[in-house]
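For reference, chains read A, B, C and D in written order, and residue numbers begin at 1 within each chain.
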Amino acid sequence: MFNKILIANRGEIALRVIRACQELGVSTVAVHSTADADTVPVSVADESVCIGPPQVTKSYLNMHAILTAAKLTGAEAIHPGYGFLAENETFARLVRNSGLVFIGPSADHIARMGQKAEARKTMKEAGLPILPGSADMVKDGDEAKRIAADIGYPVLLKAAYGGGGRGMRVVAKEEDLGPAFAQAAAEAMNAFGDGSLYLEKFIERPHHIEIQILADQRGGVVHLGERECSIQRRHQKLIEESPSPFLARDRALQICETVRQAIARIGYEGAGTVELIVDENRRFYFMEMNTRLQVEHPITEEITGIDIVKEQIRIASGQPLRFRQDDVTFRGHSIECRALAEDATLDFRPCTGTIQNLHFGLGPGIRVETHIYSGYQIPATYDSLLAKFISWGLTRAESISRMRRAIRETVIEGLPTTLPWHSQVLVEPDFVRGTYTTHYVAEHRRLQDPAPATGAGSGS
Amino acid sequence: MKLSDVRDLLDTALDILGDSAGRVELADGRRRVRIGRVSASGAPSADAVSGPEGMRAPPEGITIRAPAIGVISLRDNRTDRPLVELGQTVTQGQTLAFISSMEITTKVTAPAAGVVEEVLVDDGDGVEFNAPLLKIIPSV
Amino acid sequence: MFNKILIANRGEIALRVIRACQELGVSTVAVHSTADADTVPVSVADESVCIGPPQVTKSYLNMHAILTAAKLTGAEAIHPGYGFLAENETFARLVRNSGLVFIGPSADHIARMGQKAEARKTMKEAGLPILPGSADMVKDGDEAKRIAADIGYPVLLKAAYGGGGRGMRVVAKEEDLGPAFAQAAAEAMNAFGDGSLYLEKFIERPHHIEIQILADQRGGVVHLGERECSIQRRHQKLIEESPSPFLARDRALQICETVRQAIARIGYEGAGTVELIVDENRRFYFMEMNTRLQVEHPITEEITGIDIVKEQIRIASGQPLRFRQDDVTFRGHSIECRALAEDATLDFRPCTGTIQNLHFGLGPGIRVETHIYSGYQIPATYDSLLAKFISWGLTRAESISRMRRAIRETVIEGLPTTLPWHSQVLVEPDFVRGTYTTHYVAEHRRLQDPAPATGAGSGS
Amino acid sequence: MKLSDVRDLLDTALDILGDSAGRVELADGRRRVRIGRVSASGAPSADAVSGPEGMRAPPEGITIRAPAIGVISLRDNRTDRPLVELGQTVTQGQTLAFISSMEITTKVTAPAAGVVEEVLVDDGDGVEFNAPLLKIIPSV
């Protein structure tokens, strides 16, 4: 085991990693920007080093500064958390070339999974289904029709260099494909200066489901079940749960096992998450792999009892996994609500401010992961995550009721947060029944209406 | 323990243990460590400007902070002579120190002309970003 | 299920019960003394009623006031928490005679278990071993010798009307019994005006181990494992853990099953705890039964995943247990540290004060049950419990390391607490090895020494 | 919602909806509820003591609080007549109300002689321990 680990991150995840190190008896170095000098991770770590000004490019993304901090403090390994340099192959390589240990997968794995096309190719070869579609750009309407006939309607036309829905068309039947192709190509040309289009199978009611993996340096690979992450807006997750209410247990375990075997084939090391798109018929397709810790890892920890961060560190130090797949058991249900410094009534507009009054509803089955405190000033420079509320219950219903209760008791004053929105979701019938897809936030815009005077925190 | 805590601790230790020059030497056979607070003997003190014309505030010192994390060098790389001495008058833009971080070396220069009042680090120290390095009293 | 429950208690346990009610969708009535008007349970409950002045006899022990509050608010059931009226047979009877439900066992069971001799007789008949000894007072040295020969040395002579060690003698062999009897009798006569003595088997290295029971109204009885509660001072527990590090799993389950069957035989209903004394050879003897929720119930909740308070309420509402013994699974290890407003360096002297600065170390595997907040004034009138820290880990070592880390991060300013003492215990070798008995606190008095300047909170 | 919250809410409602006597009647066919704030019309107001000799502070009202939780009765059990009226002068020890809690009835008596300035509860209300029941202006 390492003697000293440097945590190349900030906020709640820096604190999470520091706590894991402390539990393992490992000393910690917190690096921070000048804006973060008075934060909890900095005060809790054994040592702290200021590495730069508030701008992330000069501090948390400043590889040389971080490596210098590691050298000056004698840290033996670097944990990147999530975001920032967590999936930066150059950093992973630099760390290793400096004689230090990067707590994460190899730079090669990071690189391969960082390129969407390469990642899909790799995982397809490893045995995972890929969303059917044109491997390359589609020449014209006729080629589109040939491919569509092969993969079946509906299909989705997507601008190759686009985003934000422009140059995008859902086509339900063959006779519409020609005109749609022309329109989408024109739109893409207009918007992005290039009319190239891809075509892929369109999933009408998609689920974003991801599988948590742990793999050691000796070929040991386990999955820790799945997470349902379909409640998102602008690709940011707002609520996650495990297990998924959409999958029967045998189907979920089947998918997890398939993913586990694929990961074993590619020789991956460390913690990782395989993101899948799952359609109405519970067919799944590989989308991408995150070669790092996920924000929502705690819900998996709650149901498996396994501390993923400590396992990351153990793996990086060369230890084999202490359990095989059969030893991993799943108990109960866990939900995460991400309390963000955002105003849901203003389309989740980020806000800043100073935490005036802070009280967390705790008690049975509630875990709060946060770095905020009363008097803490939320910097505009960084992301808007204030606190993660994680509930656990023997059943999904219990997990929901505990989350409601915890949020109702919680007070965060000084700036708007997403908790009033979360409170409304927690009593909304589609959520309570567990019948939701990635369209949930868009289909329930009324939950973003300003709350009635009785208080959105009221969970009853 | 944080670097700033260490600094405070050393400050206190020097108050108690320091010799007349404000220095302490610690040795344990294998290693020898010298800790010293560099006094501002050559710089004009607040007392010096008091008196009949001393009603104006003493000139305010400028603290020069580390522009990068790294190891500080207070000596000229080629001559191995100190870049600046206490009490020395420096010109704006004059090199006061170098900070090396991995392969990159950053020059620390004087933001204004003035007199070096205090040197807050020792040659070879590791310094954080923004750590105070020197104080100069700007020429008025 | 009930529509409204009145909680006849205060502090952390009132909050605990209110939270359970909220999770079940049941309205709550908090009753409080004038001293407790500004407390968290009062603010979190749906309704609150002031029932009397600070003195407990006029408020929390005032049966008429509590029943009147229930009538005025339309509460259908009363949860007594622990302490106060929780084991008061008269109150249980009054509640039922008023047409309300007492959330607890029958008044008869409370009465029977409240009398030590009667409780032992009942449980002996139900199949539990009782500490061997004279059933009655011992006439003289000769009778003492006959009984001692029967039960085996060492034996303990105890003053019938005594306490505090006076009139008490441990006798290791027969030739010492005559003189010891004479001395103890004289001492007892001197101290209590009555020289009567009992004799019982002396357990040199006793463990206080208790078994958690849940029994429904239809004969369903399950045990939820054991708790090791040997770390006590003046019969107040300071640290509890489950499972016991002293018992091998098969022996523990054997004891639990024996207790479960005995409880089934006496027709008990509700949650209850059977306290055992366990000797060096893992032989166990029934000591007493607590016919209520225990302070330390959360550690059992952590390892079983079962919410004991909600089960109490479900049972009282007439629902059958939703699980059988085989459905109860045990995962990992849980520890509770009771943070008391007491100064361990002054022999655990109770203190009062105002919470000045409050920050709980949270994170994975940490649950804090507390009613305190920054600015809360600790009243001298009530007990000294500030907060319960409950840690969970997959192993005992992980549970300990998480507790250390949580306590190290915690700040409670404004008055002395027992946390510095707890921090020292958590790194003390006998505790870490799990080799301790009820003599632990007395045998480790040095842990009560004022902490060195580096801070007792340092867990490393 | 707490009893004190209800009280505050009603207070606000009366400000907005109350008639000249400060009362509101709500009826829904099945039930009729009358909410009223009892005004201190008969009691000497602060204005009444102002004027040339009015420099001393107005006599301070004593709030009489519930000595027990229970249902309050403001009427004589036998005669069914009010025990006291607004503006009435009472003697020390005079019975002002009864509170019944289960089988126990507690007498509420005047702690001093004075004039009944305000009655804060209605006959038959449930009251908490320490709830304000009446105000009297003590005789000076």
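Some observations on this one:
The criterion applied here is as follows: a contact is a pair of C-beta atoms (placed from the backbone, for glycine too) under 8 Å apart; a residue touches a chain by one contact, two chains touch by 3 or more.
Just so it is clear, the structure is predicted and the values come from calculations on it, not from any experiment.
Ranking all chains by how far their C-alpha centres lie from the centre of chain C, first place goes to B. Here the spacing of chain B and chain D, counted between their Cα centres, is 75 Å.
Inter-chain centre distance (chain A to chain B, centres taken as mean C-alpha positions): 46 Å.
Taking each chain's centre as the mean of its C-alpha atoms, chain C lies 46 Å from chain D.
Taken pairwise by the contact criterion, the protein chains link up end to end in a single open path, with no chain closing the loop. Chain pairs that touch, as defined above: A-B, A-C, C-D. Residue ranges of chain C in contact with chain A, taken from their complex: 15-16, 19-20, 22-25, 44, 298, 301, 305-307, 329, 331-332, 359-360, 362-370, 373-374, 394, 398, 401-402, 404-405, 408-409, 459-460.
Contact residues on chain A toward chain B in their complex (touch as defined above): 34, 42, 46-53, 59, 64-65, 67-69, 72.
The touching residues of chain B, counted against chain A in their complex, run 1-3, 68-71, 101-102, 104, 126, 128-131.
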